[in-house]
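The structure appears below as structure tokens.
Order as written gives the chain letters A, B, C and D; numbering starts at 1 within each chain.
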């Protein structure tokens, strides 16, 4: 179409003095932005096609390229912003739902940035994690049984006792950070493998999403949370029993109430084997589970999965953070879940309708605070662990999340960024230049899982060290003493209402 | 300074008790405890002597004592110490008492005038029997098990009552609610408080004491230590960094922390874990000062499994941060340091007597030639148990714990 | 070791006859196994060490005399090798384990390697002496007398090259005739052309390099030579040479043409030098026969290099393939076995690389196979005359058995590997003709072997 | 010996290895200058082969039994016994192309820029890590030694549990 109503979002600056026509940019762009003219020995770039993934810029050996965000040239209009104009033009072109990828980029309040953490001074010594033990080992699972002990010896022999209770199944995490559910299909095998290998290397867990468990990842099964989603892809008894835990996915923060759709062209032979569906067919996850229309149905599924795994694995439920999240979470716990995963408004996705992603759900900070509080009020907090997800960006977000009441966090977007993602939000196109959200073998090989694994391990290590530093600063040497410890949090520039939902005091207020 | 500070907040605390409930006040402290494991009673003067030696660990804003075995004439009855801001509060509270208990005897707690102890509240003690309407009294279950269960119910009832009064009646505060024991505390240096309450005239087999160094200037008698509930009394030196976690943990079991003090939450943790959940005294340190995971890994298999399970289930009960505590009850004295020993604590034994103190000097003062003196490691409990034989059972909080062992 | 018998005869643990590619490779291989055993090398030449293929480069002035060595100067001392130059072996006493030299010296050996190489073939040609245009008499030129004729040379040793060079300088030679259009002939031609000397090549066959090239390949080179004003006489030979004052003055070709000539290089071929071998004791055909360990029929006696008949993996029979890489390989095998480490020679095939007038060319294996010989032979060719480029691949039973590359020789070695490893190209034969042909076009197993290496998991 | 290992699965075909190799062996050793002013002189000594999404970069394998060394008539191609590196002495090389003829990897090239000499990977002997390896963005090339079934001396994992 000759008539172009949309504007290019990016501007490609190529410094001709630096460009050596090596064509690395040409070879790296899956969007065909760069084109080499061999007659004139120059490269011409079409910024209209650019998605702003910065792959070419990162690869250019001479620094000749700069990808700049282009300011919208439409006449300024506070109401009809460029964003709306673009969407309208595009929808008029295509007549479909506006798709997008990754988490919402809209400026909803980010409460993490309005919460400050505490440190010890004088009355209480801070602890140096380099010199003192600092424990961040975390257990996920039900913690509600009564422990029974047998006395095994006579009193004069001293203390001798034997545990006479089998603990509910627990996941043992060396750090309270896990990798979110990202399916093989939505991301590449190499990305899955990196997540799996890093989990296993560090002693934490990753989640299969609804993509099934690839045969080549069986060796990491001990660090795998297998998800059972509405499509039931890849689910059989073997799958359930291989995993370390089972997670029933009801909803996802980026698209509450919406199912999933992996287009047939992405269902390669490998993915078809892993998901147990015919090659080339669309993989459609329905919006609801059609066997769960109410809480008692969920309870049945939880118990069915526990039976299927002989009560040896924790079974949890993942929901999006929606308005009624506290009672929903309570219901899930009462339905028998060993953990509840709550995915917040800013959670990522491979593909979601923009309207849903940017307008449905609530921020995870408020959700975790109200869920934790509600479960405690009901005296059932210890019956399940709370996992949260939805844009945990740093170790300080983790610390704050735990102090608000989470047992551990899931990180998805952060993990992808570590593997190269530049948040261009074009996951749904399958043309990810970083080899992550794609199944094109030309692109998937760009993510060397050895590098991916190393970088993820480094991330886990770095965050764990930072968590330890912050814990030590607050005079705490075990992560469990931070859990729900909102005394260590203070809010800044947020309303009383928000403070009260978060259950924290304002900065400046003492204990 | 205090008034300036409080004016910062939109709604000022109604009274000092509310102030204490709203703000956690860190404090440095002195603690001291003596137990005669044979159950032989002795005068409170030695404990006053001991705590007075650690005067510089206090700043005159709080001192107190817990004494066990001091009311043998009411051995099987509830002994309440209540402080009142005014007569109005007293009559309200006594109404409540009358509804729930049969008051066997009540009197003002005898005191003497002492320089440095000013403006005492109204101090009263009551000896009570549960009213016959209590469900436990209707219980016709026989045998030890049934008795234990009815005892637990009665204790739960007392806990509820204490919480109701302390939360609900402005100006009334129950500071002690056990049997054959009492807590004496107030604003002042501990030795002055001891003199004020004439403690040299009491004889008990277990005494604990506390001198306080709070970082605020509000004086409220109820805020002094020891903190008590049922037979439990807790004296504590330290600041619990895990307070928020611990508080919300016990709140899930119905304990409302009204005072925002570490001592209060420690008391509730003991009540929950030892009395209600019947965890063996020998295991409690694995919860409150849980061993490091590394240490657990190195333990013999049976103990490792026990320690691991306790730590997994009771993670939120871990007391993190510096502390040394002495928990008193009719049956035992239990002293514990935080797991990496960030606060001092020394213990000594001489014949049947067990001594625990923040420092060694007071031990040497009251017990010049101990059999031995040691500094317990972080997380290593010091436990003294009553060794009396042929005593009537049924009035000892600690018995519930022992009961469980027998059951297995 | 020689202490008790020092008056008897010199004794050495390892005796090597021949100081070139194969002999020195063997010496190196022995030394890497046996750090102490005495190694003695005999050569009839006077030079300490030089590379025979370099003599034409020396002749052309592209390589200085001192750079003709292919081993470092200290190769002999650092490896503790005694070298006896100017020492020709007359006979081998197999039973007595010793050799007899031209000087009458006897050298006793523990193990002997015969790596004596080849000797140029001298055809018998009628020789007519002239004095002032008058015939003075006829005789026959042969190997015994050719070297006494001024202006007639062979070109297989450095000494030959030095003589030719000296002759050219002294006689201001402007043109030369090369009898023989084979490899040595062409290498010589390359040198003369470098020097600006016009050449006449006389070749018995219908084209030059007939043994390794096909006619199109030959013609590319021939055209290039002729374009430089030189001439090539094919289907031809020298019937008669003319001598004046002991010096060559011209010759007459078989087709009757007579030409003046002041410099004639005889390059019709090289034969294994078996003159000192008793074929009764050491089995030999055209060359010495050896087993896979390079051992001859006689105990403790080995042979390698241009003097032997080795297995041709393409023909499936033994033959003399006198080329450098094989000589080195065989020398390595022989040396290892002599020093006690078992090694086996995998066989070889003919290959050659020559650049004439700036046109590089490589030929390997069987390049002139009769398509009708019954086996499934396919021949693929590509000819780009404008670029002087030609490529021919001969495939038998899905395996490459021969290749000619002219003009563009990039990545020729990949074909060499295909031939050597007998790689089955079923289904991917088209690939090997691609312009961008590379390892990536090879069968996946072989590709993996090359790229990742055997058994290596990175 | 340390050598370059090829991980073809992760070769992007970006050809940065070739580019950096060219710069390394250029006169100025400066990328922009080398490409803008000296390019005709410099051959990459590593070759990227590519069909569709299959690609790998290959350079001299520095074979244990290097056929190019055996075939060299001038003694220019030598294998350093200590380092295992096969190098071509440009002074000695006469351009007979015997090495090209026998190298089964096809990784020796004719360098016609000045004298005719064989051009091949020298493993960047003056660098800790060859530039092609160092600049491979995806670690499709690794430099190290195979020991106990694993590759040593490659990029160290700073991470430890």
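We take it that a residue touches a chain if its C-beta (ideal position, glycine included) is under 8 Å from a C-beta of that chain, and two chains touch if they have at least 3 such contacts.
Everything numeric in this text was worked out from a predicted model, so none of it was measured.
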item: Distance in touch steps, counted as few as possible, from subunit B out to subunit D; value: 2
item: Chain pair showing more contacts of the two, A-D and C-D; value: C-D
item: Innermost chain, taking as reference the mean of every protein Cα atom displayed; value: A
item: For subunit A paired with subunit D, centre-to-centre distance based on mean C-alpha positions, whole Å; value: 42
item: Distance from the mean Cα position of subunit C to that of subunit A, given in whole angstrom; value: 70
item: Mean-CA-position distance for subunit C and subunit B (Å); value: 105
item: Subunit C and subunit D, separation of their C-alpha mean positions in angstrom; value: 31
item: Numbers and ranges of subunit D residues touching at least 2 other chains; value: 7
item: Graph class of chain-chain contacts, one of line, ring, star, complete, other; value: line
item: Interchain pairs in contact, sorted by label; value: A-B, A-D, C-D
item: Touching residues on subunit D, where the partner in the complex is subunit C; value: 5-8, 47, 49-51, 54-56, 58, 61, 67, 70-75, 91-92, 94-106, 108-110, 116, 142, 146, 149, 151
item: Subunit D-facing residues of subunit C, complex; value: 25, 51-54, 57, 62-63, 67, 69-72, 324-325, 328-329, 332, 351-355, 360, 362, 364, 409-414, 416-417, 420-421, 438-441, 450-453, 456-458
item: Residues of subunit D that touch subunit A when the two form their complex; value: 7, 9-16, 19-20, 31-32, 35-36, 52-53, 135, 137-140, 157-159, 161
item: Residue ranges of subunit A in contact with subunit B within the complex; value: 120, 123-125, 127, 132-133, 135, 137, 139, 141, 143-152, 159-165, 167, 170, 376, 379-382, 403, 474-478, 480-488, 508-511
item: Subunit D partner contacts - residues on subunit A that touch it in the complex; value: 17-18, 20-24, 27-28, 59, 61-62, 174, 201-203, 440-442, 445-448, 450-451, 454, 457-458, 461
